[in-house]
Amino acid sequence: MRLLRICLAPQPEEVAMVRQAISGVGEALGLSPRLLSDVKLATSEACTNAIVHAYEDGERGAGTLVVLAAKAPDALVVTVTDGGRGIAPRIDSTGLGLGLPLIAALSRSLVIREGPGGGTEVEMTFGLVEDPVP
Amino acid sequence: MHGSQIEAFVEDGDGVVILRGEHDIATTPDLRAALGRVRTGSDRILIDLGACEFLDSSVLGVLIGELRHARERAGVLIILLPRDHASPVRRTLELTGLLDVFDVRESVI
Amino acid sequence: MRLLRICLAPQPEEVAMVRQAISGVGEALGLSPRLLSDVKLATSEACTNAIVHAYEDGERGAGTLVVLAAKAPDALVVTVTDGGRGIAPRIDSTGLGLGLPLIAALSRSLVIREGPGGGTEVEMTFGLVEDPVP
Amino acid sequence: MHGSQIEAFVEDGDGVVILRGEHDIATTPDLRAALGRVRTGSDRILIDLGACEFLDSSVLGVLIGELRHARERAGVLIILLPRDHASPVRRTLELTGLLDVFDVRESVI
C-alpha cells in the first residue's frame, strides 16, 4: 500500500522536507519514537547520498530524486531512487563512508540495485515494532 | 520544530557553537563557517547539541574534522549532548561509535 | 538450485579459497571473463568485510563464515553470512570504505540484512550474461 | 595460478615491487613490508602489477597509502598495469576511479 511519493530536486535544502514527510508517515503507522528516528535518519542518508554522489556537479540541476514509502504486512518500505550515474566507489569522496553501513544498521534490510532510469535505487525495510534485542 | 539554527560565540576564552533543530547536508556549510569563526583564539571548543533534534553523517563528518583540528593544535573539543538519553542525536552518535571517540558531556540547554 | 556451500573460518588466508570455489561455479555457468572477475571480486570483498569487521579481535577464532551460491532462472546469487556483531559504521575502520559501494557496483543487486544467527547476511545477485551497457 | 608472490628490490635507485598471482587481505602485510624495505633511499617506487591476476580493496588501500607517502616526501609512485586491457586488475582500478588517481603505465612483464 503506497503511503507517500515525493519527487524532488536533488538539492541539500530538500532533505529536511523528506524527513518531515516520512515522519508523518511513521507517526500515522504508530511507530515508536526510536523507530521513527531510525526511519528518518536512514531516509535522510539515502537522499543525501543521491544528492552528493549521483550527479556530476553540473548535472544536478536536471537530476531527479524520488522517495516512496509503502506499507508491507509487517513493515514500512522506503525507496529512494535517483537518475544518476549509478553507485560506484569514489576514492575522492569527502564523506567518511558512514552512510551505507549506517542505513544497513538502521534498517531490517537494505537493497541496492540499479534504478529504472539507470541511477541507483535504495530500498530500506523497517519493522513496525522494535526488534526484541535493540 | 523543523528549522535549524546555529549560534556561535566566544565565552571565557572557549569557542561555543550551539546547534538547534535539525542539521544535515544543507547546514554543514554554516556549521563549518561557525566553527571557523570561534576556533581562532580558543583552545577549547564546545559544540552544544542539547537542543539539536537531528543530525546526519555529514554533520558527524564536520564534528570529526573539528576533533582532528583540535588534536593537531593540542586543543580540546567537547560535545554536549541532550540530557534525554533517548534523544535521536545521542542514538546517532552511539550507532556510529562516536560516543567513545568524543569527549562527551551533558548539555544544560 | 544450490551450486555451492562452504563453511570456513573467518581468517584472511581463506578468502583465496572462496574465490577459487566461486570461479569454478562461474565457469560451470559459462560466465564471460568479465562477469567471472566481477563475481570473484564482489564475493572476495564480502568475505573480507566479514573477516575484518564482523568479529572483535579475540572472537574471530569462534566465528563462522558461510558462502552459498545458487542459480536463479537468469542469475547467480551469492550469499555471504557471518555470525558476528552485525553491520554498523565503524569510525575507526582502517579501510577506505570501498567495499560496499564496490559490491553494489559489481552486482545487479545487493541485499544487506541480519543473518539468522544475528550477524550479517550479504546477498549479491549477478546476471549470467553481461548487461548491454557495461 | 592461485598462489601469490611478492618480489621487492632496488634497481638504479628505483624501488621496485612486483606482485604476481592473487593479492588480498592475506597478502597486504607482506606487501606493506616489501614497500617499507624498498622505500628507504628511493624517490621513485614502481609497483608492477603486470603479472597480478587479482587484487581487492585492501590492496588498493595499501597502494593509496603508498601514494600519500610518496606525495609527503615529494617522491613518485608509478603503477604498472597488465597490457591486457581486459585484465581484472585494470577493471578493479577503473571501477574505483583509481586509474585517474595513480600515475599508470604499462608493464612489460
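Order of writing sets the chain letters: A, B, C and D. Residues in each chain are counted from 1.
Criterion: a contact is a pair of C-beta atoms (placed from the backbone, for glycine too) under 8 Å apart; a residue touches a chain by one contact, two chains touch by 3 or more.
Predicted, not measured: the structure shown is a model, and the values here were computed from it.
Measuring from the averaged C-alpha position of chain B to that of chain C gives a distance of 37 Å. Rounded to a whole number, the gap between the C-alpha centres of chain B and chain D is 40 angstrom.
Between chain C and chain D the centroid-to-centroid distance comes to 24 Å (mean Cα coordinates, whole Å). Shown for chain D are the residues in touch with two or more other chains, namely 57, 64, 95-96. Among the residues of chain A, those in touch with two or more other chains are 88-91, 95-96, 98, 102, 105.
Judged by the touch criterion defined above, the protein chains form a pattern that is neither an open path, a ring nor a star, and not fully connected either. Listed by label, the pairs of touching chains are A-B, A-C, A-D, B-C, C-D. Those residues of chain A that touch chain C in the shared complex are 86-91, 93, 95-98, 100-102, 104-105, 108-114, 118, 120.
Chain A contributes residues 88-92 to its touches with chain D in the complex. Interface of chain C with chain D (complex): residues 12-13, 15-16, 19-20, 33-34, 37-38, 40-41, 44-45, 48, 51-52, 94-96, 98-99, 102, 105-106. Interface of chain D with chain C (complex): residues 2, 4, 22, 24-26, 54, 56-58, 60-61, 64, 86, 88, 91-92, 95-96.
Looking at the complex, you find that chain B touches chain C at residues 57, 64, 95-98, 101.
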